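For reference, the structures are reproduced in the following blocks.
Paired with chain B in one complex and with chain C in the other, chain A is shared by the two complexes that follow.
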Partner chain A sequence: MRKEAIAKVLFVVPAALAIVFLFGYPVVKNAVMSFQDYGLRTFFTGRADWIGLDNYVTVMNENVFGKAVLNTALFTVGSIVGQFVIGMLLALFFKKNFPLNGVLRALFLLPWLLPLIVGSAAWRAILEQDSGIVNVMLRNLGIIDTPIPWLTSPDVALIAVILVNIWLGIPFNLTLLYSGLQDIPDELYEAGALDGANGWKAFWYITWPQLRAVVSITLMLGVIYTLKVLDIILGLTKGGPADATQTIALQSYQHSFVQFKFGQGAALSNILIVISLVFAVVYLRVNRRRIDE
Partner chain B sequence: MSHGNKNRKRLGATAALAVLVPLALAACSGSDEDGGGDASAAVDSLTVLDYYNDEPAKTQIGDMLSACGTSIGVAKVDHQSVPGPTLIQKVLQQASSKTMPDVLMLDNPDIQQIAATGALAPLSDFGLNADGFAKGPVAAATYQDKLYALQPGANTIAIYYNKDILSAAGVEPPKTWDELKTAAKKLTKGSQYGFAFNATADYEGAWQFLPPMWTNGGDETQLKSPQVAQALQLWKDLVDSGSASKSVINWSQADVNDQFIAKKAAMMLNGPWQTPNLVKAKINYGVVPFPVNQAGQTSTAPLGGEAWTVPLTSSEAKMKKAAELVACMNTDENQLKRAKEGGIVPTKLALADKYKAENPTMVGFVEPVANARSRTGKLGDKWPDQAKIIYTGMQQVLTGQAAPADAMAKAGAS
Partner chain C sequence: MVKQRLRTAIAIVLLALMLFPVYWMLNISLLPNGGTLPESLFPSNPTLDGYVTAIHDQGQNLVTSLLVASGTVVVTLVIAAPAAYALAQFRFRWINWGLLTILICQMIPGIVIANALYTLFESIGLLNSIPGLIIANTANAIPFGILIMRSFMMSIPSSIVEAARVDGAGLMRSFVSIVMPISRNSLITVGLFAFLFAWSDFLFALTMSTKGQITPVTLGIFTYLGVNVSQWNAVMATAMLASIPAIILLVIAQRYIAAGATGGAVK
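Presenting the complex of A and B:
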């Protein structure tokens, strides 16, 4: 091989190794595990019998599976809509020049900087039924008579968990959308203003089309991050009350690291990976169409 | 595409390299640190893994291990502690890399699961037995008729009550379920609940449901029985009547203790590991066993606490010394010392009187521990499956999703 070729290979090797070990190996291992009877014993004896689709059949036949799928969908859609709308409104708001703009924007990043486990523990106290500050406040304001069972009623818990996840996701949406807004040249707005495009019209005909690339990446990353949310739910409800906040990600965690049925946990996480892949493909499609345009 | 073939070749070369590297790494780490299968070889060090990760337990256990090391002629005991929830994961890593410690501490309900994998050595191989121990710890440590662990001290859960609040209200600590319900009702006023317990959707919640379930004659192998339904009804009555907060389904045992300290609960179901916090908060408390449903029943609570095991390693000599270390941690003297330090009860029944005399605050726990039942005694490594059904059924009852009579069936009980 010529020197140049060797150099090329050497440059590629580190990245290739990283991909093979950090991406390829776990994904392949996870896929293989999901077809094996992979439990505690496997770690000691190295033995994991091939059992075909048994793990998938088992987890999909559990009572909780349907609920977990529905909850995953509700949790993802609810979180994304909330995060995106609020993040977008805040981004538009911060685009205006006003005093303390930077300080306020930095404060909005706080939820992101806080370790998740701290955030969820704080929210658990805030949403506590009897003495949590939310209920005390609502009661003192005369908005409610009886305390809202935020985390203790199966009808409300999922909403509470979504609200906390929205709080957590706002900084991510705000940051990406705000930086997207910065990239839109002011000339467009000036030219638009001359043609009478102000306010809502300016947003609809200038901001939104210009922001589409940022919006689609924000939404896609948002969906993938939200699908696999685990710590927030673990910290707030552990999937309860009565499985009301079970999601596929939580089920996967519980099968693997609570029940030590690693094969079944892997099957559930593969289901989740496939769902994420669908969104990634949709994103690529949308993106390609835009480039073609 | 004209470059396709060339690219594929390069990819092949890279892939080959990628495969070779881990093999080389594996070859380096594959050799065992001690190749000695000779039982009589001198042993100068032992490794110990546990989850006594917090002070003062970490130092207390470390000191006791070192002292035991000296007494059995092992110069160095390498004591490693990891946080509780990560212990099993650490053990799994060590198992797959063949670097298991010489002595391993396990939480008692995990012993049979790990023993079932074949990772532990039966203690009878080294001439150890559990004669004179309470039945709970022995059942937890026995898998397929072989003893795999010795547990020096145990805890369990019982009713804590705030003496000041109860005497002000003229209420006696409950001895029956009816008394528990009336007392809790009477003690509920303002922001103060009569009773607090933990009913979370996890093993902790399942463990707290065992006192009513077992005391009433319920059994983990027959979760659809009326005895279990009655126990569920008790939890439901306490919450529905407002004598216990609806938040119990989201309270850990630590949260329950906080409620008790804040005087927002007059009584609670909890364990002796909370004692230091209660003493620090200057709470005037008493402890009684969990009440019975009907006369003639025996109050039965689940066994808690950790045991020492000897993993199978490649060195006979080290395993033999490791067993001696386990025995040393379980001498009368060390059981008493550890129990006093750790707020637990010695598992050797003969030590009870001496222990009661020396630890007046723990008297309320001596009898419950002697009667404590092991979670894995009947089901062995199948316990986690049933525990999941227990906490799921319990949550369905407390949230009104299912009636006590069919909750366990709905949660998957067969």
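Presenting the complex of A and C:
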């Protein structure tokens, strides 16, 4: 019996070690580094002096910090609203019966499965200022006279990046919301129809309340994934022009891997972890209350 | 019936809009060398010039990505499969805490892991190496793999394993000879996604290769975009080549994602 218990634990030991090494160690290491003068010099001399909260004070006092926080908020909210609304409309549409439904719905997943840098590359070509197809079409249709500098003007770059991220996120929202819709029993709609609940009424009084758990998990995962997005912004604008698309995650990357100020990069990534955790805790509390009800 | 056909037509139009960027990538990849971005919707004189340049410039990078992704699959399955089975069947008291930990791990931003692993790998010589990239990439795949395989393995009737145990098979042997074969579909699903995660990875590729010796194809595309945008055909040809695993997954793996775990093992 004793031996059996040990054998059982051995099944989880490799995974537990991997999780400690791949997640526990980085979180602790980031926390430690964020209080140290950890920079290029550290790699040569091994020295990293304790400097208290200096890294946090430094990064938060930089001009770009406020902009990065605002952009992170706009990027996250804009992306989530767009992805969710379009994903929901598509999920409702695919709930209906029609030929080829399954195949067409599966093909919608393709943008999600592509490497993000591939998606970014495609959009770089599409949004190219002089000969990108978007500007060419808008000009041919007579909507614009001068080409829009989608990715090179501080006024529109953030909007362009959000639009691309919405495109990338639609499949994820569609998939989760569609599977949520499939789990709503048909009898509810049949009973509703007897009481005159069709169309909008059926959506508002049956679909939406039944879907609330799926909606909240979709939104929470969406927020957490969007907060940490790096690939798309690096691929499209690298944070520019004039910091118009800087975010907290990108700032962390640039402090660590462009300026080699790992202490400051760690401070920024810790700020990001705290924001993510706040959303996770809010989500867990909201859901627990619902289970208790 | 007319209404249903109309819906199919609408769905096709929506899908065409959604997949336009992918089509556009293909269109540009077929341009001749030195061509400007196309203004017509269909390639007028399609050539494979872009692909020739892409394979010349990025062939080695595609191989690097293949090695990193394959290694990630192996490490992920070896580590995640036994844990998934244990969490599905062994009734540990702390299971809920374990699952919560895994969920939280999935929320940790990649940049946190990159910051820490970079400093560690720098001191132990794993920067600019395929094993280093494999280790970093398992961070994306192991928590996902455990959760997916666990949900499949929950539905394995314990009677199958118990029957083997009565015949004298140890825990590990019954796991390898019984649980693994009936969980084949979930192993394939996780393996395919682990491959795709590692193949698509850009953050670790960007941060862990500092000397340009080990360049996964995602980093290759990024470098192309920086200096070489005059050669759109080669950039997009590389992007198309880098999309092949995603397309294969979509075509082949659909059935694995949907397939049940036990596949009728108990009849």
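Assume the second predicted complex is superposed on the first by the 274 of 293 C-alpha atoms of A that agree within 3 Å, B and C clash if a C-alpha of one lies under 4 Å from a C-alpha of the other, contacts with A are read in each partner's own complex, and residues count from 1 in each chain.
The rule is simple: contacts are C-beta pairs under 8 Å (C-beta built on N, C-alpha and C of every residue); 3 or more make two chains touch, one makes a residue touch a chain.
Not measured: the values here are computed from a predicted model.
Undergrad: After the overlay on chain A, what do you see for chain B versus chain C, clash or fit?
TA: By the criteria stated at the top, chain C and chain B clash after superposition.
Undergrad: Determine, under the contact definition given at the top, whether A:Val214 touches first (chain B), second (chain C), both, or neither.
TA: Neither partner.
Undergrad: Any idea whether chain B or chain C touches more of chain A?
TA: C
Undergrad: Look at A:Asn97 in the shared chain and tell me whether it touches chain B only, chain C only, both, or neither; answer first, second, both or neither.
TA: In the superposition, A:Asn97 contacts chain C only.
Undergrad: Pick one for A:Leu277: touches chain B only (first), chain C only (second), both, or neither.
TA: The second partner, chain C, only.
Undergrad: Looking at the overlay, does A:Glu128 come into contact with chain B only (first), chain C only (second), both, or neither?
TA: both
Undergrad: Look at A:Val12 in the shared chain and tell me whether it touches chain B only, chain C only, both, or neither; answer first, second, both or neither.
TA: both
Undergrad: Just chain B (first), just chain C (second), both, or neither: which does A:Thr45 touch?
TA: first
Undergrad: Touch test for A:Leu177: chain B only (first), chain C only (second), both, or neither?
TA: Touch partners of A:Leu177: none, neither chain B nor chain C.
Undergrad: Please work out whether A:Leu116 is in contact with chain B alone, chain C alone, both, or neither, and reply first, second, both or neither.
TA: In the superposition, A:Leu116 touches chain C alone.
Undergrad: Quick one: is A:Met88 in contact with chain B, with chain C, with both, or with neither? Answer first, second, both or neither.
TA: neither
Undergrad: Among the options 91-99, 181-189 or 379-387, identify the stretch of chain B whose C-alpha atoms clash with chain C after superposing on A.
TA: So the stretch of chain B colliding with chain C after superposition is 91-99.
Undergrad: Touching chain B and also chain C: which chain A residues?
TA: Dual-contact residues (chain A): 12, 16, 43, 124, 128, 131, 257.
Undergrad: Show which residues of chain C lie in contact with chain A when the two form their complex.
TA: Touching chain A from chain C are residues 4-5, 7-8, 10-12, 14-15, 18-19, 21-22, 24-25, 28, 36-39, 78-80, 82-83, 85-87, 90, 92, 98, 101-102, 104-105, 107-120, 122, 135, 138-139, 142-143, 146, 170-172, 175, 196, 199-203, 206-207, 218, 221-222, 224-225, 229, 232, 235-236, 239, 242-243, 246-247, 249-250, 254.
Undergrad: Which residues of chain A touch chain C in the complex?
TA: Residues 4, 7-8, 11-12, 14-16, 18-19, 22-23, 25-27, 29-30, 33, 38, 42-43, 90, 93-94, 96-101, 104, 106-111, 113-126, 128, 131-133, 136, 167, 170, 224, 227-228, 230-231, 234-235, 249, 252-253, 256-257, 262, 265-266, 269-270, 272-273, 276-277, 280 of chain A touch chain C in their complex.
Undergrad: Could you pull out which chain A residues touch chain B in their complex?
TA: Against chain B, the touching part of chain A is residues 9, 12-13, 16-17, 20-21, 40-41, 43-46, 62-63, 124, 128-131, 149, 151-154, 237-244, 257-260.
Undergrad: What part of chain B is in contact with chain A in the complex they form?
TA: 10, 13-15, 17-18, 21-22, 88-89, 92, 95-96, 113-114, 116-119, 191, 200-203, 245-247, 249-250, 264, 384-385, 388, 392, 395-396, 398-399, 401, 410-412
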